[in-house]
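The following pair of complexes shares a single chain, chain A, combined with chain B in the former and chain C in the latter.
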Partner chain A sequence: MKDKKYYEELAQDSMLKFTEKEIDEIVAKQEDLRKEFEKVLKIDTTNVKPLFYPYDDIHTYLRDDNETTTIDQKKILANAPTCEGDFVTIKKVVK
Partner chain B sequence: MKNFEIIIGIENHVELKTKTKMFSSAPVSYGETPNTNVNETDMAYPGSLPTINKKGIELAIRACSALKMEIDTLVKFDRKNYFYPDLTKGYQITQQYNPIGKNGKLIININGEAKEVDIERLHMEEDTAKQIHKDDLTYIDYNRAGTGLVEIVTRPVLRSADEACAYVEKLREVLLFLKVSDVKMNEGSLRTDVNISIRPYGTNEFSNKVEIKNLNSISNIKKAIEFEVERQTKLMLNNEVIIQETRRFDDTTNSTVSMRSKSDALDYKYFREPNIMPIQLDQNWVNECIKNSPELADIKRVKYTNEYKLSNNDANIILTSIEMSEFFEEAIKHTKNYTKVANILISDIQAQLNSENISIDKLALSPIHLAEMINLVDDSVISSKHTKTILPIIMKDSSKSVIEIVEELNIKMISDENEITNLVNPIIESNIELLEQYNERPERVTKTIMGQLMKVTGGNVNPEAGMNIIIKLVESKLK
Partner chain C sequence: MDYKKLSILELHEKLINKEINVLELTKNVLAEANKIKSSNAINKLIDEKAINFAKEVETNSNINSLLYGIPYFAKDNFATKDIETTSSSNILKGYIPPFNATSISKLEKQGAILVGKAALDELGMGGVGLYSCNGIITNPADDKRIVGGSSSGSAYLVAKGIVPFATGSDTGDSIRKPASFNNIVGFKPSYGAISRYGLLPYSPSLDTVGFFTRNVTDMAIVCDATFGYDTKDATSHENNSKNMFEKIEGLSKAVKFGYIKKVIDDLNEDVKNAYYNLFETLKLNGFEVKEVEFKQELLDSLSAIYKMISFSESVSTNANLDGIKFGRRATGADYVEIITNSRTEGFGEEVKQRFLVGALNLNKENQTIYLNKAKQVRRLIVEELNKVFKEIDILIIPPTDKIAPLIEETKIKSTPEKEYLSDILTLANFNGSPSITIPFLKEGKLGIGININAKPKEDLLCLQAAKMLEDIIGIKNEIVED
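Up next, the complex of A and B:
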């Protein structure tokens, strides 16, 4: 089980901030999930290789470096919370 | 300082020279208006999916082959997760678990001795957006986001700042001539991170590793390493702990400054990229990519000195620029005077390029024009001094052939015996007293007449033919 401290550190690493209440909720949710997964953990996976993709097929498709597509700068800037001139802007987070 | 051994490993991020991005079809072009070379995939719009750029894979294969790496033909990608505005998706597509190349080597030259640098891995990934931090805001340009990169990582085998610089210079040359990348450090298409630790000679324990990120010139690499070695040495001699951290180089103070320490390092939680299935490359196609790789500078260097008889220095100057070397090679298809081509390239043309701050492919001058001009000198059609007149013209305008320009300027050398005789005779007639000195000071007499001949013809007489005729006429006059 991961405790409150673990989630506080994880939030810090992810540059997020959680309230005490939110952390408590996450810890409680984790306990619920653990109970659900107890059934899954009982499945015997000895000698079963992990599967990362839904299919085992190997693909060969590669895109040719020819055709270019862009979207209008106005759309990009309109979709950003804030912008200035040609740039998307955010509040500075680095020192 | 001599009591400590220096241990350096280097990571280079190299922007791939493709027309489109690594995982989207948005164009790759430096210096465009911000946020114009962007599409749905780069901005992580819902439903957009990555596709792999074939050329990007080909360029990575070229680099792997030149670096003598084992190439993994089953291409797989992973996600490196972090929440930051320079990547809209919240993760970077990279190759954490299956790099396309591993276990390579690059030979560098240190004070005349060869050293083999072990390269651990080369993997493909995507670049991030460019950020400009100003006052309370960060300005983001997503044009660079998604541009294909290869990251090339050495093992910690370098032992000095000079070795580190030699390695980056050599790697730069290899990637430039393979046309994998523009490798412009000032534009960020080649970025260098250096990992440094030290240890007392004879011990096995390293000090904590310090990483200096994003060094943007060879001289800064040298200065940053030298500063860092001195800083770590002082700490170790004072029994202080060298903190494992990431630092940056401040070129105004020539020192390194702490950016972040290990204690708040991010956990990237890598996992397989589920949107890109593993891709099996066709071995025949891989072989073709390697076979069709452009010639490396090392091979050209041998050819330039052995076959074309250039000096090492001249060969190296031409090989500092891929455009210059291509120009040289094209020009010598049209003239046998290889040395003259090299001389003009290195002197007059290079001076022009420096003054305009451009590369040779931006001049109107064609290799054929340069060769034609040199051939006209070698065939005594024009004098070598007239190259100074012709060159500035053909560097700006390629619409006329060199011989057309020569005729227009009326600078063709006169070699015809009758024509020269007709020109010399009146000069001799008006200098009869001078001829009396011929027995005592023949050179003074002939050179004076030659000077006058050149004056009346604007320097257009073939000097050798002119001198022969002058001697012949003077001697016949004295008989």
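Up next, the complex of A and C:
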């Protein structure tokens, strides 16, 4: 059983904050989740290759150069909470 | 004009015979949609745009298109050009995509009129209809019960007759479960048959674009308009199912039906008997109906595999929601704090908890133990399904064994040995099968559907079998009246 600190670190990894109460609830639910995951762990998968998509024939490929899409810069910037000139802005990193 | 009980095909006939016109129909739909705004099923109505497009469609009428002038709602996780798209999440409030999802462009090209965006469980996660950031959506036939989700708003709007069809997306059962709870038709086509370009992702190896209609023939019409390979989607697949509307009646008598005996026997008595009666009717109609085997340990692992794979993919695909480039930004001392605060304030509880489980699976120490294992078991599930589809052509599955549960019942666990039944529709997401739920049984105004599956990329066969079963069952074009 992992402790609260472990889940707090996980939350940090996914850039989320949980209240003390929420973390307690999550920790309490972990036992159920662990039992559920056990059902998978006990299945024999010796020499079974993992399947990443429904079909095996999915692969990455290089697209033809003639397929280009451009999005209007104004529209991109209009969606940002703040921008200046050609840039999306945020609090200064280097001060 | 009372259009609400009319199917796509009936509306089409009235439009080409000039009994009604596109503009009048569009205005009527908007008026009806406005009446049910308190249901929370609608995230946005686009009155002005819809009316302008209706006028344009009328001027350049393409009466050869069966979707010419047909109104519809898009689930709010489909990108719609110049129309706010939030996926029912506070973090995306104010986001206006500069492009259309491919499926939306295709519907537009056929002259279908988008009237608005339907609410969903936030970012497609939930399965109940209680997790939209704008408030809960309840069953249109009984407000104490769930509508089902995540495509809850779309299901509601089709079941109420506001529109004859709506788009949905299905990662585990998000189209097919609410279809069962609302007496309507819900189809998840083969993985990759309809482009996912512009569908806001939840779990890309499972997500599938699909639709709600009120009969199977209408479903063939919307599929004909939207199927097709798309270079913009690397997981898109060519599908040989074409002209499905024309061929919908052509189910061969040689088609073999099958069911997993334990699955049917685990249903409650009345529903079980209804299934066995239906199998007898199929036999009387000259079809072979066979029992097939399926390893129970794989069925029992469905819920866990779904969580391991989809939650991990969801935390990864939604990492771009940070309040920096688009959507809502919270305050903070530096960029880390801004992103963390934007995500913490922007996401609902269900989403955050799924992200945490996803992060748990993606953690270095757990990737092999959990995620890789889940993907190995996914292959075993797919291989087991391949065996099934060597014996039979159509697999019949119960989407649910009861009417939509009461809202308070959603937190109660079912008996452990029958728990797998509530996750059984995910089979078709793991192997990419076409899978359709149609109405089957009725208890008052509420319904219980039946689910029909064919092997991957056999979408036409799946729809033909559904049409034949729809004719036998005899329930279609139902709406929930006020």
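Keep this in mind: the second predicted complex is superposed on the first by the 77 of 95 C-alpha atoms of A that agree within 3 Å, B and C clash if a C-alpha of one lies under 4 Å from a C-alpha of the other, contacts with A are read in each partner's own complex, and residues count from 1 in each chain.
One rule holds for everything that comes next: contacts are C-beta pairs under 8 Å (C-beta built on N, C-alpha and C of every residue); 3 or more make two chains touch, one makes a residue touch a chain.
Keep in mind that what you see is a predicted model, and the values were worked out from it rather than measured.
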(message) With both complexes overlaid on chain A, does A:A11 touch chain B (first), chain C (second), both or neither?
(response) second
(request) Would you check which partner chain A:V94 touches, where first means chain B only, second means chain C only, and both and neither mean what they say? (result) first
(message) I'd like to know which partner A:Y55 touches here: chain B for first, chain C for second, both or neither.
(response) both
(message) Let me test your reading of the model: by the given contact rule, A:K21 touches which partner, first (chain B), second (chain C), both or neither?
(response) neither
(request) Would you check which partner chain A:A78 touches, where first means chain B only, second means chain C only, and both and neither mean what they say? (result) second
(request) Name the contact category of A:N66: first (chain B only), second (chain C only), both, or neither. (result) first
(request) Classify the contacts of A:D86 with the two partner chains as first (chain B alone), second (chain C alone), both, or neither. (result) first
(request) Counting touched residues of chain A, say whether chain B or chain C comes out ahead. (result) C
(request) Touching chain B in one complex and chain C in the other: list those residues of chain A. (result) 10, 12-16, 52-53, 55, 58, 60-61, 63-64, 67, 69, 71, 76, 79, 88, 90-91, 93
(message) List the residues on chain A that touch chain C in their complex, please.
(response) 7, 10-18, 22, 26, 29, 33, 36-37, 39-43, 45, 48-55, 58, 60-61, 63-64, 67, 69, 71-72, 75-76, 78-82, 88, 90-91, 93
(request) Going by the contact rule at the top, pick out the chain C residues touching chain A in the complex. (result) 94-96, 98-99, 191-192, 205, 231-232, 234-235, 237, 297-298, 300-301, 303-305, 307-308, 315, 319, 322-329, 332-336, 338-341, 343-344, 347, 349, 352-353, 355-360, 363, 369-370, 372-380, 382, 429-432, 456
(message) Taking the touch rule as given, give the residues of chain B at its contact with chain A in the complex, in rising order.
(response) 18-20, 24-27, 33-40, 43, 51-57, 74, 82-85, 132-142, 264, 266-267, 271-272, 274, 277-282
(message) For a test of understanding, state which residues of chain A touch chain B in their complex under the given definition.
(response) 10, 12-16, 52-53, 55, 57-71, 73, 76-77, 79, 84-94
